[in-house]
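In the two complexes below, subunit A is the common chain; its partner is subunit B in one and subunit C in the other.
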Partner chain A sequence: MIIFATSDKGGTGRSVTSCNVAYRRAMQGSDVCYLDFDFGSPTAGAIFGVEAAGQGTATGGGLHEYLAGRTAEVDQLDVWGQSELGGPRARPLGAGRLTLLPGDSGGGEFPVDATMARRCSDLFLRLDEEFELTLVDLSAGRSYATELVLRATADPALAEKTARWLVFHRWTRQHIVAAAGLVFGPHGILETGMDRGHRRRELEDTIRFVRTAVLEPDSPQLAVLRAEQSVWLQSYNTDLQKLAAKLRLGRSVMLGSIPLDPVLQWREQIIVEDDISTTRIANEETGQAFEDLAKRLTDDSAWEGL
Partner chain B sequence: MDIRPRQLLLEMWEAAAEYSYQGGGWKFSGRAESNSTSDAEQLLCLMYPSYQMPGMEIVKPDETAKDVRVALERIGDARQIPQVLVRALSEYLERYTNERGAPVFSGGSYFQPVGQGEPLTPEQRALEIVDSFSMSITLSLAILGFVREFRPTVRRDALLAEMRELEKAASRRLTASMVGILRSFTVRTFAAYSEEGRALCDLVNTEGKSTEKVLDEVRDALVPARTSLRELKLGVELSAEAVDDDSVLFECGWSWGIIRDAPPVDAGTGVVVDQSPGVAQAKPSLYFTVVALDGISDLFSARTRQLGLINPDQEGLVGALQLRSNLAQLYWSTIARLGRSRWPVEEVPWRSANPADEGPETDYDTLLAASITIEALATERARDVDIARIADVLAELAVRGRVTRRARLREPAIELHVPGVRLPLTGAEDLGPAMEWPVADFSTALLKRVARTAAVTRDSALRDRLVGLADEIWDRHVRLRQLSDGPGAGLWDDISLFKLSPTDKGPSWYFTERVMEALVTVAAVSVARPYSARLADLALDMLAEADHLHTAELLRESPTSTVPARTQLHGIGANLQRARELRERQPATSIAIVQAALRDLDALAMARRA
Partner chain C sequence: MAAPKATAVPRAPKAREPAEELDMLVGEVRTTLLQNSHRVGATTVAALLDIVPGGRVRSATRPVAHAFSPDVRVGVHCPLATISGTRADGAGTAVARASVTGGTVLQASTRARLTRAAGERRLPWSHYVANPGIIEVAGRTDADDLAAGFLTTQTRASLDLGAVSSRLLSRVQRRPGIDRVTSLRARRTQLRFAVTWRSSDSAVLPQLLGAQRRISDFPSVPTGSAESFHRNSEPAASVSPVSVEFTIQDETLRTLRLRLGRCDPSDVVAACEDLALHDWLLSTVESLLDNSRIGVDSAQEVVRRFRPVIDHLLHLWMPGARVTEELAEVWAALERRPGFSREWSSLVGRIRDQLALAGLESSSSLSALARVAGVCQAGAEEDSVGA
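For the complex of A and B:
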C-alpha cells in the first residue's frame, strides 16, 4: 500500500507526524519504507535521527537524482541501524523493517515530464512489492511532487495498487480553509488528479485528513486555563467543527488527530518509547495518537465512506 | 433546577445502547413481548432526544458532541451510529408491515384480559390501538427528519439506496397511522336528560346549581365546538342532529381503536393501507384523546414544517387531523373549565360516569383533563392566575397519587402505578374475552405536565414552585424506579418502591420511553426565559445614574490622560454598554453589571476626595 502525505501549508507537522507514524507502524511489525519527496527541504533524515541524511543525502543517490535520471538506484538507509534515537542501533524485537529513501541535499523543485513519471511509478511498483507500506512525504501545497505522484499513480501499471492520501492540517480556521482548498479547490488534488486521468469520486474516497497540534478542550493539559478561556475554547472548537464539516473535512473523513505536544513542537523528531515512559518528556496521548493512526492506515473500515 | 436532563438522557442512552445493541445488531426486546408500540418505544428512547435536545444530535457525524459519542460508544463511532439506526429503523418498519405491504399497528402483548380470565384470541391481539397510531406518527416523522438530515453527508450508493427505502417505508407508515387515527375519532351524541347527559351535568356542576341552569351553560359554552363540528367530513359518520339541534349534547375525541363501522378514508394513491372494519365502541375516552393529541401535535411542529416532512398526498389527512385535534382540544378544555368560580378540573378527583365504582382512575382522569387544559392555556397565552389553578391541581395529584408522599402498604393509590389504571376496551369482547389496556405512567405523565406548565407560565414565583415540584417528583419517585442491576440496568422500571416483588426482569420500554419524554420536557423549561418587568425598570434607573457618573468622569480632563484611569473608565464604559444590551433580556444580570460599574465609579470619586 502506498500512502501519500501532504499538507496545505508548511509547518503543519506533516513530516514529523508521518515519520512517527512510519516508526510506529514498523514497531507494530510491518515492513515500512519512507520516501522523502519534499525536494525543497528534505529533512526526514533529521527527524529519524539518521545523521548521514540529515538534510538529504550528499552521495548523489537520493530520490531527486533518481527521478532526474542521474542515478539508477536510490540509497536505502536502514533507520534501525543508523538512527541515534532510542537506544541500541538494531531493529527492536518483533519490529518490521524501517527504510528511509532520502532526498538529495540542495535538490529543489523541478517540472515534471513523462519519463520522470514513468521512473516514479517504476519505483513505487518495486517498493510496493518489497514493503507492506510505502509512505511518501510530499512537499506542502500545490507542488510538482504532488503532480508527479498523481501522474505516476494514474499509470495503468499502478492501477491495481492501493494508494491513499493523508492531508495534514492544523486545527485553526485558516488551516481548515487552506486544506479544503488544497483538496477541493482549483488546481487542488482532485482537479489535478482528474487532469492526469483519475476519476474524481474514486480519488476523493482515498483521501483522509489528519489534524495536527490539536488542543482538545477537555484535555488534562488544559486544566490550567481560566474558566473564561475554557468556555471560549469549547465554543470556538464547536465552530471549527461546523466549518470543517461544511468544507467536507469533518470528523467522518478524519483519520487521526494528533494532540499538541511540546516535544513535537520544539524537537521535531520521532517520539520513542523512552520519551514517554522513562524521561517522560512526551505525553502518552501523543504516542497513542500515532499508534492509532498507524493502525488505521490499513484498517478498511476507517476508509469506508459514509 | 436539580434535574439534569442532558446528563440523565446520556446515561439512559448508554444503558439503552448496552441493552439494545448486541452481537452487531439491534435487538428488539424488553419486559413485554415485542409489539408495534413497545418496539417503537425502544427506538424512540434514542431517536427522540437526538432531535429534540440541542447538542444531542447524532445525525451529522462530523458534529456529534464528544459526550454523545462516548455514551453511544457501544454502537460504534460517530459515523456508525446513524448507519446502525438506519438498519434498526428499516427492520422495525419491515417487521410491522403485513404480507400485503400494509403497515400494522397491533397492540399485541400490551392488551390484557380482564381479571384472570381466559387468554386473548389472536384476532384480539392483532387489533390496532390508538397508542400505536400516535407513537407511529411521532416515530415516522422522526425517521423522515433523520433521513432528510443524514443524507447530505452520505455518498455511498448502497447506503443511499437503503435510506431511500427507509424514507418510503416511513412515509407509508405515516400515512397509514394518520388513516388509523382518523378512523378512531368519534363524535357521540346524547339527549340532555339521558344518563350520559346527567353525568356530564354532574361533572361540570361544581356549584350545586339547578340542572336546567347547568344545561344552559353547557349549551352556551359548546357553541364554538358545535360550529367546528360542521367541518368534519372525513372518516366519521355525523348525524345532522348533532350539528344543528342544540338540545342534543355531544362529546368528541378518540376511542381506543378503529371505530365500529368507521367509513374508509381515501389514503391517496400508491399507499396500501389496511382499512379493516373496526370494533371499538364509538365513545371518546379522555385517555386516548390525550394520547392522540400528543402524537398529532408532532405533525404541526416547527421541525416538520422546516424539513418539509409531509408530502402533498398527505396534506389532506393532516388537515383533517388538525380539525379534529382542534375540536377535541376545544371541547375538553371547555368542559374542564366550565363554571364561574370553580372549574370541573379543580374538582379533584374528576367525576366519572358511574360514581358507584370510582377508583384511582379518576385521579388519572384529572391529570388528563389538566393536560388538555394547560395546552389550551398555552395557546390562549392565558393569565398566570389561571395557570396557577392548574399548578395547584398538579401539586395535589402528586400527593394524592403518592408520588411525592410515601404510600402505605397496599394503599389503593399504588394501583395508579402498578398495575396501572386498566381501561376497558369496549367492543373487543366481540372477538374473545373482555379486554383491557393498562396505563401505568401516572408519575412520568405528571412530571411531564408539571414541566410543561413551568415552561408556559411567565410568573417567576409560580415557575419556581413548579420546578421544585418537578425536582421532587424526580427525586422522590421516578429516580427510585430506575433499575440498578440485572439486564437493562440504568433503564426503568423497578417497582420495589411499592414494596412489590418484581415479577420479571428486563427493562420496561413503556416506562423508559415516558421517562425520556418527561426529561425532554423538563429540558424545555429552561428554553423559556423568566422575565421581570420590575427588574427591567430598576435596571433602567440604575443605568441612568451610572451613565451620568461615567459621563461626568469623562468630562474631567486629567484622569483620562493617565493610563490606569483611562483603562478603568474604558472598562466601565464597556460594562455599561453590555448592561444596556442585556436590560430587556436579562434584567438581573444587567443590574449586577451596573452595580459593579457604580462601585468602580465611586472608588474614583472617593479617591478624589481623600
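For the complex of A and C:
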C-alpha cells in the first residue's frame, strides 16, 4: 500500500507526523519504507536521526537524482541501523523493517515529464514487492511532486495497488480553508488527478484528513485558562467544526487528530516509549494518537466510500 | 562522480603488462517474486518473457518449470571498477535475459565477457555491436584486479550490470498478463559473479594449489562488512581445477568468485542463476520465519503467516537442477560450506514443527470443547486422531 502525505501550508507537522507514524507502524511489525519527496527541503533524515541523510543525502543516490534519471538506484537507509531509535543501532524485537529513501541535499522542485512519471511508478511497484507500506512525504501545496505521483498512480500497471492520501492541516480557520482548497479547489488534488486520468469519485474516496498540533478544549493543558477564555474556546472550536464539516473536512473523513505536544513544539523528533514512560517529556496521548493513526492507515473500515 | 585515477592511488600496483591476455566473465543476477496472486502458467510465462521481437523464449518443464527470454543487448561505455584503483575503461555490449521458475520466481541476469581491447582508442559502435556480450577493456589491469573491483568496489559511475538486471525485472513486472497482486513480500537479492578460466597447466602454479575456498557463514546480525571466513588447503589429493568463493556481503548482496577449468560460459551463467534462485529461496523463507512470531502467537496464527511459503516456494528447492556436469563441483563446494541444503532442511523442519503444533492446538481445542460438552471419551479419541 502506498500512502501520500501532503498539506497545503508548510509547517503543518506533515513530516513529523508521517515519520512518527512510519516508526509506529514498523514497531507494530510491518515492513515500512519512507520516501522523502519533499525535494526542496528533505527533512526526514533529521527527524529519524539518520545523520547520513540529515538534510537529504550527498551521495548522488537520493530520490531526486533517481527521478531525474541520474542514478539507476536510490539509496535505501536502514533507519534501525543508522539511528538510535530502536536502541543501540539495531532493529527492535518483533519490529518490521524501517527504510528511508532520502531526498538529495541541494535538490529542488522540477517539472515533471512522462519518463519521470514512469520511473516513479517503477519505483512504487518495486518497493511494493517488499514493503507492506510505502509512505511518501510530498512537499506542501500544489507541487510538482504531487503532480508526479498523480501521474504515476494513474499508470495502468498500478491499477491493483492501493494508494491513499493523508492531508495534514492545523486546527485553525485558515488551515481548514487551505486544506479544503488543496483537495477540492482549482488545480487541487482532485482536479489534477482527473487531468492525469484518475476518476474523481474514486480518488476522493482515497483521501482522508489529519489534524495536527490540536488543543482539545477539554485538554488538561488548558486547565490554566480563565473562565472567559474557556467559554470562548469552546464556542470557537464548535465554529471550526462547523466550518470543517461545511468544507467537507468533517469527522467522517478525519483519520486522526494529533494533540499538540510540547516536545514536538520544540524539537522535530520521533516520540519513543522512553520519552513517555521514562523521561516523561512527551505526552502519552500523543504517542497513542500516532499509534492509532498508524493502525488506521490499513483499516479498511476507515476508508469506506462515503 | 569521477572514475578512480591511477595517479590517485598511493600504493601503485606492480607494473602490469598491457598485452597480457584477458578473458573473463562477469555478471549479476537479481531475483524476486513474480508479482501475481497465483502461480503463472506456461503460456503466460512465455508471453511475459517475449521481450525481444523475433526472439524465442526457451522453456523446460522438468524438474521444475523454467523459461527464459531471448537476450537483450545493452551498449556499455564506462569505467570498470578495479580493486587497485588502476584506471580501466570498457566499451562493448552486455547481454541480459529474464527467466521465470515454477511460475513464481522471476530473475534477470546480465553478463559480459571482458577481453583486452586492441588499442586505447574507442572503435565505431558497429564493431562492438558485431560482438554481442563482449566488453573490451582498455587499461593496465588484469583479471584478478577487475574481478575484485567488479565484485566489491563498484561506484555509481562504473560498470553496473545489476542496474541492467534490475530494470529488466521491473520491465517484466509491469507487463500485461500478471495482476501484480502479491501474496508474499520478499526482497530482491543480488548475486554478482566474476569468473576466470584456468588453462590446463595452471593447477601447478603455487597460488592455485589447494582449491582455495572463501565462503561466508550466514551472518546472524547484519554487520557493516561482509562476514566471511577462509577455508584453505584441502588435502593435496583433492586439488581440483575449481575454486569457489561465495561471500554474503550484506542482507541482499552476495558475491561469487569462480576459477574454473575450461567450460561453456553460458553453462556458468545458468549455474549462477540457479545458485541465485536457491539463495533467494533461503533468504526469503528465513526472513519470513523470523518475522512470523514463532513462540509468541499461536502456531495456527504463525502457520497462517507463512502459508504462502508452503503454497508457492517449498517445492522449488532443487539445487543444481540446471547445472551441467562440469560445474557440479561448484554446487558441491557450496553444499559443503555454507551448506545450502542443510540450511534449507532446517528451515523446512521449523515449518513442519509449526504445522504439527498447529495440528495439536486445533485438536486440543476441539477436545476441550468436547470435554465441556461432557463427552470426554470421544474427545480423547479425537486427540489421537488429530495428532
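Rule of thumb we're sticking to: the second predicted complex is superposed on the first by the 300 of 306 C-alpha atoms of A that agree within 3 Å, B and C clash if a C-alpha of one lies under 4 Å from a C-alpha of the other, contacts with A are read in each partner's own complex, and residues count from 1 in each chain.
The rule we apply is simple: a residue touches a chain if its C-beta (ideal position, glycine included) is under 8 Å from a C-beta of that chain, and two chains touch if they have at least 3 such contacts.
These figures come from a predicted structure and were not determined experimentally.
K.L.:
Since both structures carry subunit A, what do subunit B and subunit C do when superposed there: clash or fit?
P.N.:
fit
K.L.:
For A:Asp31 in the superposed arrangement: first (subunit B), second (subunit C), both or neither?
P.N.:
A:Asp31: touches subunit C, not subunit B.
K.L.:
Give me the angle at the C-alpha centre of subunit A between the C-alpha centres of subunit B and subunit C, rounded to the nearest 10 degrees.
P.N.:
130
K.L.:
Contacts for A:Asp218 in the overlay, against subunit B (first) and subunit C (second): which applies, first, second, both or neither?
P.N.:
first
K.L.:
In the superposed arrangement, does subunit B or subunit C reach more residues of subunit A?
P.N.:
It is C that touches the greater number of subunit A residues.
K.L.:
Give one of first, second, both or neither to describe whether A:Ser252 is in contact with subunit B, with subunit C, with both, or with none.
P.N.:
The answer is first: A:Ser252 touches subunit B but not subunit C.
K.L.:
Quick one: classify A:Pro262 as touching subunit B (first), subunit C (second), both or neither.
P.N.:
neither
K.L.:
Is A:Gln241 touching anything from subunit B or subunit C once the two structures are fitted on A? First, second, both or neither.
P.N.:
Only subunit B; A:Gln241 stays clear of subunit C.
K.L.:
Rounded to whole Å, what minimum CA distance do you find between subunit B and subunit C in the overlaid structures?
P.N.:
After superposing on chain A, subunit B and subunit C come no closer than 22 Å at C-alpha.
K.L.:
Identify the overlap between the subunit B-contacting and the subunit C-contacting residues of subunit A.
P.N.:
Touching subunit B in the first complex and subunit C in the second, no residue of subunit A appears in both lists.
K.L.:
Touching residues of subunit B toward subunit A in the complex: what are they?
P.N.:
Against subunit A, subunit B makes touches at 60-64, 66, 78-79, 83, 153-156, 159.
K.L.:
Under the touch definition given earlier, write down the residues of subunit A that touch subunit B in their complex.
P.N.:
Interface residues on the subunit A side: 201, 205, 218, 238, 241-242, 244-245, 250-252, 304-306.
K.L.:
Taking the complex as given, what residues does subunit C use to touch subunit A?
P.N.:
Against subunit A, subunit C makes touches at 1, 32-33, 35, 156, 160, 163, 166-167, 169-170, 173-174, 179-182, 185-188, 221-222, 291, 293, 296.
K.L.:
Can you check the complex and tell me which residues of subunit A touch subunit C?
P.N.:
By the definition above, subunit A touches subunit C via 29, 31, 59-61, 71-73, 78, 81, 90, 94, 96, 121-122, 125-126, 128-132, 157-161.
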